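Shared between the two complexes below is subunit A, which pairs with subunit B and subunit C, respectively.
For the complex of A and B:
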């Protein structure tokens, strides 16, 4: 292919990527070094409001934002260097916690608490997703052709459900005297509160995520299983290979590129865990990095948002994902180079 | 938060097409309103809908949407339902309009106490007052011979006594959901203990004896609550009451009417309202008002129609049909048994919610996020309060308040 044709093909998508990925990222990066404040003035304001017995008027000295001629609040944006990052990471507290040798104290700092959960959630769900994905794929592959269609459809259902809705469904099954909690209480004959402590919530989150994502892995693996070389399988059988040996030495190596692919996608997705925290309203017990960003962005009662800290936290999340992906990507790259030689 | 948006709210949207006799004029301007979701607000928006062409969104997360929706030009909603807390960002951003001319034109029947004035300009029309007060199961209290508790300590004692009888799942209910609800509970009790939130120059000042006493009071209630209290919001506690699972709670006055709603309540006639428990200084509750505001960014013709529709929503006819849904400020309201608790709480000196302090938004958020760690037992009281002050300080410094 000559260079001109190559650029003609690739140009539009590069343009789109610059427009919709690179530019917004650059803006967020820039915002993470700035803070926008309203310009305040201090005034005496008289407010009259109703009480249970009548109206009360109070004169108070108030700090209120100044509204400009265009009807919008006047703001000023200052370069603050790394201050947003410092406010997110809270390094002095981290150092103090380490000086006290206290993991507990360390885990009380929002960012690190969120990072702990995000990482363990990602790393625990990954092998489970791969395992159950493969298991489902093998099951589908082994059922009779006549019912394979319906079986694929049913096993894909969890993936079709919108993540927030799925999380809510789990919440309603378990919260208070939800159907499943009632069942567990009856079965184990004791009082159970699934939303009262962190570990049960984390367990439900893990369960939900694996249930939700395993079908995706399964359908990818199932596609891969269709291309396994039947001659190799037959010769393995003639050589007396057991079922396990066939899987271990023929099928898994064949599926390896797909396993890497699913791993990459899952690492990226799971690190952005958010729906579970929101769906289970678990912020009292468990928070994730994405939730932290969302919390910074939520306006308080006076309408203030921490855009700077939210940007810093987004950048840190992106750095985290990149770090997680590096080992996997390096493996892919080495493979690719190996094949070229 | 998102969750409530979808779950509770799934925007209880009411849309009416034809006008009805109950409205005194035919509204032909397309109008939209956004407000919180509770019975009284539903009564008002239903009455507005009778005029035709009014779409109302009732959403417990309205406060997250409202500032941006009203800042749009033209505004996405013409009519907003607010409280003294949620009005502040709109007022600060200049996105709600002064109403003096409209009141002169269409609002001569309004009581003076309904007119919310800021520096002499009418900025909102109040419709009701609200606070949190004690609701208790009179039948259980009478059976066990327990006196109505007047302090949190008495509540705990009553709960202790109740526990051995197994009449309810949990003696005490509480709106302790991490976030806004939990912050509000602290604010109630802290004000009841005579606490002040800010020192000179918007600096935080909650890490003190009153703050610690407040934390200990809150924690003393939790053993008698549903262990999932950190996910329980007002609607959840209301339902627990209605299903006979709890025996007492400090709950919003706007939830009182629902106890006697035979369609959803199994405890009709059994729940009685009393004053909120006393703190060391005053009743541990905050007084709120709810009212209606109108967007700046709409045409005067729209504003005219919006105001007239809203007046239909908060007329005497609506109050007479929904007398027990709230403590109405509107002519025609007769204080009944549902309002007794709210009025007793006000008589016991409950403070207004301190929405006029500019740092209150940041403080409320910091409290809502920071208190769970104490109730979970992850932090001791002093550390929790110090951390909340630190979180507040970061936000207040960022936004330029400090």
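For the complex of A and C:
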């Protein structure tokens, strides 16, 4: 395929990615150094209120936004350097928290609270997803062919369900006197409120995410198990390998590329954790990085959106995912170069 | 050789496999089963602390709303029969009647006709026949399980969910068609080119795949809100405010989806032997003709699979649509979020549950129709790519 046809084929798609992904990214970078504010003016306002004896007038000095000809508040955009980043990171508070040696104080700062949850969520769910995915795949591979279809059908349900609704479904099991909360209360014989403290909410979120992603890992691994070289397995058996050794030295190495693949996808997706915060309405206790940006973007009561701070937290979020993915991508890159040589 | 493997397995291992799978299936299906049960109960039953009361719904039953033994048997029979038809019969009929090379359209039309006729039979014809039948069958016709569809009618008719449904339909259709059109072209180009440029485009696409969606939304939002003023020099007074336009979110979702689409379609195109287009080229086709007349007809399975995943992304999205659309005019998923946030009475809560079940019901049928395609899609990216 010559260059010209190649460009004709990929042109539309690449153009779209440049226009709708690369360009917005560039704008976010620019916005993170600017701040848009309403222009205020200071006025002396006289307010009068009628009383029995006549009018009582109070003069006060107020700052009010200037309203332009079209009825909208006039805004101006200024270059503010790194101050958006400072507003998000709140470094003075961080230093104060460290000076006091207080983890609790540190965790009161939104950005660091979100970062702590996002990272621990990603790193805790990853091994669980890999483990349960592998376990389900091995079990499906172990049972009669006739029931594999129905089992895969049921397994697909948690995976394709709308994430917000999946989280809600788990929440409705536990909320108030929900069926599982009453079961736990009966079992442990004490009063349980699953939505009153952070750690139970985080536990439910982790459970939801593993429930949601393990089927994906299981199906990928199951497909990989179909292509394990039977000759190698047989020779391993002849050599007297135990079941565990077979799994450890034949099957797992065979699945390794798939494990890397699932890890890569899961790191990308778990780092984006957001729907859980919405589904469990946990913003009072647990927030994630994406939710923080979302919150900055949401209009407040005055209709203002802090675009500048949202951009800064977006950029920080992106730096985070890049750092997280570098080890995995380097592995893929070395692999690719190795194949080429 | 597989058999040797199976015979050699100790009984305990096989038993524990079955046991674990049963456990997993219960865990996987229970939350979904439970919300569907809640959605057809009156609030008093739905949030009862006794699980049996939730399932049988005495309070709902006492209001005369329930299902009899006959209702349940007939309903289950129809569902099982439908499942049977979708797994074999439907596919054969579609293959038989689709004109050559248009298998994809055949599937779309076939499954839509099938779905609509199922809805008509199950929700219109069956209940009226059964209500007559129940009167003449004595004990078997008595209600035994509480069942009420009133929350569904509240959601769909009073809360104007149909409007949200229309928006969802618009957004998903737009996303699927546009991302497939652009994606197949790019996927084919990338699969047939071994150049360094192709490799780098794929790597950059992978990096874009990792972008949190909120980052992109941050880029779009100011532009969308002020688009009428920004675009005025180009379009004059006809410049639209993109904020709140469902079709404008289509562009965003297509862009988010594009990296994934080209990766998946590329791996499907790679599994089609390059000799096929070479043969067509020898016969005098241009590259584009070879693509359209020779490759596309054998690519339908891959296109359908990728289309399914694009559909899921657009249908399930919360962040983009809730941010870029106005609260009164969103797609279904953001609509339900606002519903459960403002829930005040327990009736409102059950209504929110009914809305949730309404949203996931089409997904359930989607898995039923397309299980094989979804599985092949999941493995295509991993095994071949």
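Here is the rule we use: the second predicted complex is superposed on the first by the 290 of 341 C-alpha atoms of A that agree within 3 Å, B and C clash if a C-alpha of one lies under 4 Å from a C-alpha of the other, contacts with A are read in each partner's own complex, and residues count from 1 in each chain.
Criterion: contacts are C-beta pairs under 8 Å (C-beta built on N, C-alpha and C of every residue); 3 or more make two chains touch, one makes a residue touch a chain.
These numbers come from a predicted model, not from an experiment.
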Open item on the list: For A:64 in the superposed arrangement: first (subunit B), second (subunit C), both or neither?
Closed with: first
Open item on the list: Which partner chains sit in contact with A:278 here, subunit B, subunit C, both or neither? Use first/second/both/neither.
Closed with: both
- [ ] Look at the residues of subunit A and decide whether subunit B or subunit C touches more of them.
- [x] C
Open item on the list: Just to be sure I read the superposition right, which of the two partners does A:136 touch: subunit B = first, subunit C = second, or both, or neither?
Closed with: second
TODO: Classify the contacts of A:216 with the two partner chains as first (subunit B alone), second (subunit C alone), both, or neither.
DONE: second
Open item on the list: Touch test for A:318: subunit B only (first), subunit C only (second), both, or neither?
Closed with: second
TODO: Could you look at A:200 and tell me whether it touches subunit B, subunit C, both or neither (first, second, both, neither)?
DONE: neither
Open item on the list: Output check: A:6 vs subunit B and subunit C. Expected answer is one of first, second, both, neither. What do you get?
Closed with: second
Task: Partner chain in contact with A:232 - subunit B first, subunit C second, else both or neither - done: neither
- [ ] Considering only the touch criterion stated at the top, classify A:53 as touching first (subunit B), second (subunit C), both, or neither.
- [x] first
- [ ] Pick out the shared contact residues on subunit A: the ones touching subunit B in one complex and subunit C in the other.
- [x] 164-165, 168, 176, 278, 281, 298
Open item on the list: If we count contacts the way the header does, which residues on subunit B are in touch with subunit A in the complex?
Closed with: 1-4, 6-7, 63-64, 67, 71, 84-86, 88-89, 92-94, 112-120, 126, 129, 177-179, 182, 202, 226-231, 236, 240, 287, 289, 296, 327, 329, 342-343, 346-347, 352, 355-356, 358-362, 364-365, 369, 372-373, 375-376, 378-379, 383, 387, 394-395, 398-401
- [ ] Using the touch rule from the top, collect the residues of subunit A that touch subunit B in their complex.
- [x] 35, 37-40, 45-55, 57-58, 60, 62-65, 67, 71-73, 87, 104, 107-108, 164-165, 168, 171, 175-176, 193-196, 278-285, 295, 298-304, 306, 308-309
Task: subunit A contact footprint on subunit C (complex, rising order) - done: 1-2, 4-5, 8-9, 13-14, 17-18, 20-21, 24-25, 27-32, 34-35, 38, 47-51, 54, 181-183, 185-186, 188-190, 192-193, 195, 197-198, 201, 204-206, 208-223, 251-252, 254-256, 258-259, 262, 287-288, 291, 312, 315-316, 318-319, 323, 333, 336-337, 340-341, 353, 356, 359-360, 363-364, 366-368, 371, 374-375, 378-379, 381-383
Task: Interface residues, subunit A side, partner subunit C - complex - done: 1, 5-6, 8-10, 12-14, 16-17, 19-21, 23-25, 27-28, 31, 36, 135-136, 138-140, 142-143, 147, 149, 151-158, 160-166, 168-170, 172-173, 176-179, 182-183, 211, 215-216, 219-220, 223-224, 227, 230, 233-234, 237, 243, 257-258, 261-262, 268, 271-272, 274-275, 278, 281, 289-290, 293-294, 297-298, 305, 307, 310-311, 314-315, 317-318, 321-322, 325, 329
